[in-house]
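One structure coming up, written as structure tokens, with questions to follow.
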């Protein structure tokens, strides 16, 4: 109780200094949270990218339907494969006619069906790498019933590159930002606590135990951190409601930005941890 | 000279406190610079997007070649148009045959050329909006020689939406971050200067003029700011050399990230301005 | 109660104390005097463990100060009431809280604290200043608050460093009366002062320091 | 040189000065005394413009303090040397720089500063402490540094608030000799102190304050 009173007293005696510090912790947590949300969204976006990759397997003209079915299930059992879809050449022609009709082509002049049976293979997104995909394609090409394999080629490379690059990029940037933010919070509490040095000296000389000396400061640090986090949260909510809100209606595309449900509740918690941690480090090992 | 000595004395007497503050200003300027670079790159990327938009104008079967040419130059004179490219139906067929050959189609069975003359219209990126494009397309559709116009439709909308959305998003985020960073720098200097209040009081009581009192603090604020900016710059250089360096070789896609030449020299300058500004506001109006 | 044996303390370029030996008995009230910079405050700092001696042995309230760990130091300090020459008041706390701190540290109940603090404030004549902040007090008022804080915890040893430097004769006499009262109740008291009025004709022992050396000890 | 007419100053719940009128002539050395909390320091604060009176007129060194703007206040203060009761030394600056500050503020050349500071340090017997920091000095040493800073600028008026509270008799006499010397050179000096030794049998005027009121003025 006394510690809490001391902490509140200390905060209120120099309220503006403390409010400024809370605001700055709030601002920095807000930045961190925005960056994390951005990284998270990029991650989420890229995670879906490779699933859209498909490989077209063209079968030899002389492949029998049962052979084709066998091949289909063989491919399906591969680890890397998400789904397979057999397209007979009759169906392909049908599709094509429909397609070209719209596109102002007339294919009525075609004699014999010039198309091939194909298997449309869709690959799994998670856990697959460019290397794995290439190996899989080589394997397909080696199969007897397979005439040719068509796939993104350079595209596969660059999509995986983008995906992993963005992951590495996002995680590095995110971590560096997070470290910076942690440091700034620590620094804020540290500088704020500097003016307490004389006070701590007096406490010691009067015979206060370490616990007695520390507790008001830990409480003060925690309060500053929690308030900072809460300010950051309000800031984020205000921004996301008014700015993004407007953005969403004007540019519907942005409604695809996804903020994990109520995740911003984590800001006061982070503020608390950082404020308390900052206080602990700032006070350091008390020595008599 | 004396002011400078006082400022350096003040910094060195409590060197750790000042280094911590410099580091935290450095960190925050680094974050700001990274965000600005990111926004800048997104801007740059989106600025090129709409130029890739093309509109296909299909001409009536009975259009004469000279009519087509006249139409072509009429379209070309439109403000919104970047370039036009007339494709005769013979050339279109030629292209198509080449295309389908690779794709295992045989079009040899085709009798008469079923294709149309078309004009491929590329639009300017800058200064054009979804509205302008739609109006232009309506205008094209109204022309007598035009059979049909094919264009991105929803795509046009969403590319412009993306472009403008990203711009609004980037600028808002960037400004909010910039404001936060300015505030954090101010707050750091403010809290750091707090311990000088007694000193300033003594200066006043001894009869120092305002200029005399202020100058050491302005110098101190500037030094802290410049050092902070320099730290941020070193931080950015180190990161961009080692982290991005590795990223570039592993994921060549990322070498498209563009940092305007030597723009990071601006960090110490920003630090200087913020540090000095922080000192000016922190000291406030001195009163006797 | 207080024993020094061959104690020396040196700062960078200065001997603050040189080979000082003295012994103050339990329940005694003694004085230390000497010119400015003689080492009086340094002697006190050694006794309340703010500094460690470079040589010699110090024992206070039954503890050998050389062999104390971090848990017994605060305990020992709570047995010593110190009137600091530079007051060392918490400027952000009221007079009441400044004095109460000495009791809160001892985990005294709040109700008892209220009683005791009010009593010592009355004793030093500053009851009406309970809610004031130290910086709004006059020099002499601050000094009396410091004295009140030192005595409120009823320590077994009291060290008073120049306790009347900012006080007029009436207040000085009042404070000395309080010290005698406490001393009569059994508290060992050591007072450092230039003010001869405090110890002349008291029959108390006075130690003379000069340049860090104990040059004389006499009963006045 | 110093004129007060019907001056009152009140703090929240306290009259620190009540209807005080007094006049100190140019070149005079006078004393203010009175019990702790009488208002001596408050009187000084009004004179060096740290506080404004609620009522009455104050004139010092030819200036009416009520009609000063921000550019003349520092000029006036540079004409007044103050020995603060609580010293007000810059703890982050050396003794030399603390004293030199009073001259740097006056835009004195560094070479001259060096000479003058060394001279006053010798005067107060602390030349060997030029490079020390205030917090490493004894109470009496800090007080003498404060005195040195007040006199180094050769002010026309000197206000000394309890300048010998932490000093032994020898140092006290030394400081009083310095004050007399300066006074003989023409500086008007006002000293606040409880210490009767300073003014008894000097033939100087002594003003008695009590509870903020001027109760007596006599020549001792």
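Note that the chains take the letters A, B, C and D in the order they are written out, and that residue 1 is the start of every chain.
Criterion: contacts are C-beta pairs under 8 Å (C-beta built on N, C-alpha and C of every residue); 3 or more make two chains touch, one makes a residue touch a chain.
Owing to the predicted nature of the structure, the values given are computational and were not obtained by experimental measurement.
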Label-sorted list of chains bordering both subunit C and subunit D is none
Chain-touch separation of subunit A and subunit B, in steps, is 1
With centres defined as the mean of Cα atoms, the chain at greatest distance from subunit B is chain C
Per the C-alpha means, the centres of subunit B and subunit D lie apart by a whole-Å value of 63
Whole-angstrom distance, CA centroid of subunit A to CA centroid of subunit D, is 68
Touching two or more other chains in subunit A are residues 14
Contacts with two or more other chains occur in subunit C at residues none
Among line, ring, star, complete and other, the chain touch graph is ring
Pairs of chains in contact here are A-B, A-C, B-D, C-D
As the complex stands, subunit D meets subunit B at residues 48-50, 70-71, 73-80, 82, 84, 88-90, 92-93, 101-102, 104-106, 149
Counting only contacts in the complex, subunit C reaches subunit D at residues 11, 33-38, 40-41, 85-86, 136-141, 143-144, 161-162, 165-171, 194, 196
Seen from subunit A, its contact residues with subunit B in the complex are 14, 17, 20-21, 23-24, 27-28, 30-31, 34-35, 58, 104-107, 109-112, 114-116, 148, 158, 161-162, 164-165, 168-169, 172-173, 176-177, 180-181, 183-184, 186-188, 190-192, 194-195, 239, 243, 247, 250-254
In the complex, subunit A touches subunit C at residues 2, 9-10, 13-14, 199, 201-210, 212, 287-288
